[in-house]
Amino acid sequence: MQLYPLRLVTIVGESVIMDDIAEKGLELGATGYTLSEVVGEGARSARNVAIASGDKTMKLEFVVPSEVAVDILTHVSHEYFEHYAVIAWLSDVQVVRGQQYVK
Amino acid sequence: MTPLACSAVPALLAFFNAEQLARIVDSLERNLLTPIPLCFLLGMICTRIHGGIKIPKELYYSIAIFLLMSIGFIGGHELAHEYQEHGVATIWKPALATLFLGCLTPITSYLVLRYVGRMSIADAAGIAAHYGSTSAVTYAVANSFVEQTQHPANSFLPTLVTILECPGIAIALVIGAALSAKERARKSAATGRPSKESRLGEALYEVMTGQSIMLMAGLLVIGFISTLFMDPKGFQPFYDFFQSKGMLFRGALCIFLLEMGLVAGEKLGDLVKVGPFLVAFGILMPLVHGFLGVYFGHLAGLNLGGCTVLGAIVASASYIAAPPAVRLTLPEANPTYSITAALAITFPFNIAIGIPIYFEMAKWVGAQ
Amino acid sequence: MTPLACSAVPALLAFFNAEQLARIVDSLERNLLTPIPLCFLLGMICTRIHGGIKIPKELYYSIAIFLLMSIGFIGGHELAHEYQEHGVATIWKPALATLFLGCLTPITSYLVLRYVGRMSIADAAGIAAHYGSTSAVTYAVANSFVEQTQHPANSFLPTLVTILECPGIAIALVIGAALSAKERARKSAATGRPSKESRLGEALYEVMTGQSIMLMAGLLVIGFISTLFMDPKGFQPFYDFFQSKGMLFRGALCIFLLEMGLVAGEKLGDLVKVGPFLVAFGILMPLVHGFLGVYFGHLAGLNLGGCTVLGAIVASASYIAAPPAVRLTLPEANPTYSITAALAITFPFNIAIGIPIYFEMAKWVGAQ
Amino acid sequence: MTPLACSAVPALLAFFNAEQLARIVDSLERNLLTPIPLCFLLGMICTRIHGGIKIPKELYYSIAIFLLMSIGFIGGHELAHEYQEHGVATIWKPALATLFLGCLTPITSYLVLRYVGRMSIADAAGIAAHYGSTSAVTYAVANSFVEQTQHPANSFLPTLVTILECPGIAIALVIGAALSAKERARKSAATGRPSKESRLGEALYEVMTGQSIMLMAGLLVIGFISTLFMDPKGFQPFYDFFQSKGMLFRGALCIFLLEMGLVAGEKLGDLVKVGPFLVAFGILMPLVHGFLGVYFGHLAGLNLGGCTVLGAIVASASYIAAPPAVRLTLPEANPTYSITAALAITFPFNIAIGIPIYFEMAKWVGAQ
Amino acid sequence: MQLYPLRLVTIVGESVIMDDIAEKGLELGATGYTLSEVVGEGARSARNVAIASGDKTMKLEFVVPSEVAVDILTHVSHEYFEHYAVIAWLSDVQVVRGQQYVK
Amino acid sequence: MQLYPLRLVTIVGESVIMDDIAEKGLELGATGYTLSEVVGEGARSARNVAIASGDKTMKLEFVVPSEVAVDILTHVSHEYFEHYAVIAWLSDVQVVRGQQYVK
């Protein structure tokens, strides 16, 4: 069974910005994303506000090639790190039939 | 700044003579010792003593949806009757007055916050957005107050709530976005991202098509239409389900205020952070806006209950629609300020003390 | 294919004379301008304009549970009365007729989809599973329609809903699984996994013990037993809670249809994808099935309301029980087709236009 | 051990003469063939046949919150009337009796489990914590039973439920923590972590400020105050919303017991694991505690309904407040034992058979 | 404190198939699993349907030895990749007292 | 865009103990945590009990430096592994502006 090396980008932060980031991720080359509600505490998370029928904090994941991963993290870092409660990290994963997640 | 607060309250109460004060105290008691404010108090206490009450957020959101639908539906129902009797004759003046107040209050709030409170542009505009809009729950509480004092408000008050929801947020956001344009311009140059306007537009659209508006306005139309076209017998069960005097609405309000108390209890800890000025602002600004609401309501021909309720909703601050919009448009603004002021100061002040005061103001300006 | 649709509708309406058409239009208006369809419309509009209404899925599921329990409980209650008066004399014929229709409609649907629509085996069978089953909400709406026209349906209609739930799905899945056996056999050979049968059996069992059946049938029995053994005074609060004429049922229905409108609104975008044939199918098939329901209902001795409601539930398509079962058994089938047809075409058509037409059909076949 | 069980039941039933047994059987039927126990049964069946009913946990928690608030609010309301008429004269004795029983039952339970059942200290104490406390739902079911037999309980029973909630858990936890001190001391030495006491204190605090207490006691006060200060007309909608005879309370109870049946059904599988002794314990201990409740209730001057309900709540075992507290304080205890006994044995036994027996016991001791 | 190298298998896909995969995972040698509700978008996720009182998409995680990981991924790949909306990947983890998760 | 290597500590276990572990994690040097509700099955998960309006099982994540990671895992291992249903693992992540998560 073929495994293909890709990057897992994980972004945890305020719900208000997560939809925008997910969309941007698709623009930047991700073939999809996975979003889930979490509860979190951090340096600035006190600033989080609830959105209509939603939680204050969400976790967003992208399985993408390195370049796309870097683009997404750069975007998040420039756009949101200054004023929003958000953390983002990268890890290595082996993906089943991974080519299909490379545009 | 607390001296200001401490001195201002008596100063303001000086408007009232002894007998009026007695009546205020009396109706305060009648207002406070009822399940709705007491549930809010219970929630606050529970949080302070780290008690175990947990309201699932889905229940909280479900009740919010029900309350908004009720306000809209019953509003549309009564609007239909009003319309059948008087056409738009009785409505257009109050509607205009409300619109005017919706545009005025964010500006007054901004000016006070920026130049008296010396807050940053973003923070001042952010808080102004909350106080320029309104709180549907404060409306519900004010409405049951006047119902219990046997002075029911004019039938079209829910329509006014709907009118009051948006403009305040919109204006405050535009002020904030425009005035903080320079910083944001610099920033966007650095990051080379689309300039803030897009964001602002998007946020404004989200406010105008937000849950509160869609449900209140939508059910208002539905209530209006079905009142005109349905036979009363078929209409009855829907009326019973939504009616604000009914057990569902009042009971749901209890649970909703319990949860609000739980949240407000947490924010109480932030009172120190926000400082004395904001505490004073959260009490005095509503009194001023409340008086404006009562006064213009009277000019527009509202009855005693109507003036009281209009005063209450103008005095109230939004804590559901405003926060996410502000967060998106003015990220530099610290939500702790606006939410603590709206939820932990102004909301309890209004439902506990404010409403009876607006009721006295309404009598004082001669509404009946 | 749209010409087909465009020509078929008038063709079919030609069955009715002018006066009947007038009545249809009139009852259309009476039916459309009520809160339940209007809430569905509001939901659709909200999605189209990207409005902010969000119904927590837990509220949606809770209401679904309540509606199914209500239908079952009140059904059992009225079945008990019917039984005490007439035994099974009045019931067995309609029950058989319903069972027959439950077995017929998936086959008619499959044949039309496969040979007129030229769809793949899996897609045809998948969609047939939806149209062979029924929609409890369509039942609820049809029931309140006939109640409002003062022609309440026979007391045992809820029993018929329960009977209609399963067979259609089962038959369509068996057809689909059997006919697509060869591919699946090849596949299972390749992967060496247990052949589809297991899957099919499992899926069938899940349908037959699914939430809809368990709740409707279970509460039917409970309602039946407690009606026989409880004193009416003790029974009353349960009756008030569940009764379909009551405020809880009607109000819950409003919120439920609001959410269905929100979802249907999204599916509207897929109408292009599914193509003109499926749009025509989603309108014409219900009219045919509706007529069969009305006709056999009349033969089985149902009253005017009963024929109308039976027509509506036979015409309706399942969008809760069927989708997961089809997904598990016929993975090659594209759910977009079936769900869009059931939820975005047939459901709105039935609650808006279909029900009044079935009502006229029922009069036309001579039911009273 | 089963022989013990098998022999004990008839032994115990020998207390009753033929005529009483006849009455028990009769009221058993009257009790069992009502929606509330039947919904529990439906839930159990559904789980056993792997049926598809899924109650969202948010709905379950929302109903729990509503039930606790109702019990408290109505309790406070009736307490206010009682108080206005008799002051504390009628209340203090039953309150003391309840407190005494709350301290006695955990000890009796512990002794039986440890020395008859030969269970470990932790397991014995853990289960004792469950049986020392009470189940609000058992109260609700017992209360509707006596209401249906036209022997309503004294107005202040809800107050007694609140009193009974905590002490049992606290005492059992202290026993368990103290007696298992040595092991835990050793352990804490090894890991060098703060000694258990801290944990225990924390757990006790969490019990005393837990959701059940906060909501029941809090709404009790709210109901009491608003009854004294509100005019009845304004109070009515709140009363209608919360009242235990009302459709909301009864209907909510049905859904709640459906979910409890679903969970209990899963636990049924564990009956084998827990063994015959615990099964016998889950049936006989309630009968003993039930009798004590009835007897002391009678001494304290409760009426027939009151004695029955007190018997039921003393006999009942907690499955909401106790489990997490025990889990935190006595981690060595196996929750499967306590939860299976409380939820799958004692709870169904009480609502199905126990309550009518306590009713007969109450007559037998001469309560009226 | 002893750490033991194992593999984390993450599967995100349609809810309808997740229970079956979880069971199969236990059969194939996993000692347990962790399941959570997510919201997702992907190439085929439009096909997802809601299940009774559940979300459309779920995330399933197994902490297992390499061989088991490969078996699980092979099963998922053969059984579900063709017709279902599902993504699956592998990553390396250091597990506390990891031996107990090796059957 | 600067990435900083840190450890991701993931703990899945009974809800009753998760708040304590989260607090302890902050004490031990984590700058924050992310908590989410999951459904799980494992060797001892039958012991899990529900907490007020919560799930039985939760997942807790810390992004921390190695030393802190080890401290947290040691604490969890000593305090909870004996009697509670819990699993804990470690993985390597590259964190955006990671320095700020090092106290």
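Letters A, B, C, D, E and F mark the chains in the order given here, with residues in each chain numbered from 1 onward.
Here, a contact is a pair of C-beta atoms (placed from the backbone, for glycine too) under 8 Å apart; a residue touches a chain by one contact, two chains touch by 3 or more.
Keep in mind it's a predicted model, so treat the numbers as computed, not measured.
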Going chain by chain, each one touching the next, work out the least steps from subunit C to subunit E.
-> 1
If chain centres are mean C-alpha positions, then the most distant from subunit F is chain C
Quick one: point me to the chain whose Cα centre is farthest from that of subunit D.
-> A
Counting in whole Å, what is the centre-to-centre distance of subunit A and subunit F, each centre being its mean C-alpha position?
-> 20
How far is the middle of subunit C from the middle of subunit D, if each middle is the mean of its Cα atoms, in Å?
-> 42
Any idea how many Å lie between the Cα centroids of subunit C and subunit F?
-> 47
Residues of subunit C that touch two or more other chains: which are they?
-> 52, 54-58, 61, 210-211, 248
Each of the following residues of subunit A touches two or more other chains, namely 36, 52-53, 91-92
In the complex of these two chains, what residues of subunit A are touching subunit B?
-> 14, 16-17, 46-53, 55, 78-79, 82-84
Enumerate the contact residues on subunit E facing subunit A in the complex.
-> 10, 12, 36-43, 45, 57, 59, 70, 73-74, 76-77, 81, 87-92
What residues on subunit C touch subunit D, complex-wise?
-> 56-58, 61-62, 65-66, 69, 73, 205-206, 209-211, 213-215, 218-219, 221-223, 225-226, 228-231, 234, 237-238, 240-242, 248
Spell out the part of subunit D that touches subunit C in their complex, as residue ranges.
-> 29-30, 33-35, 38-39, 42, 45-46, 49-56, 58-59, 148, 245-251, 254-255
So in the complex, which bits of subunit F are touching subunit A?
-> 1, 3, 6, 8, 22, 26, 31-36, 63, 91-98, 100-101
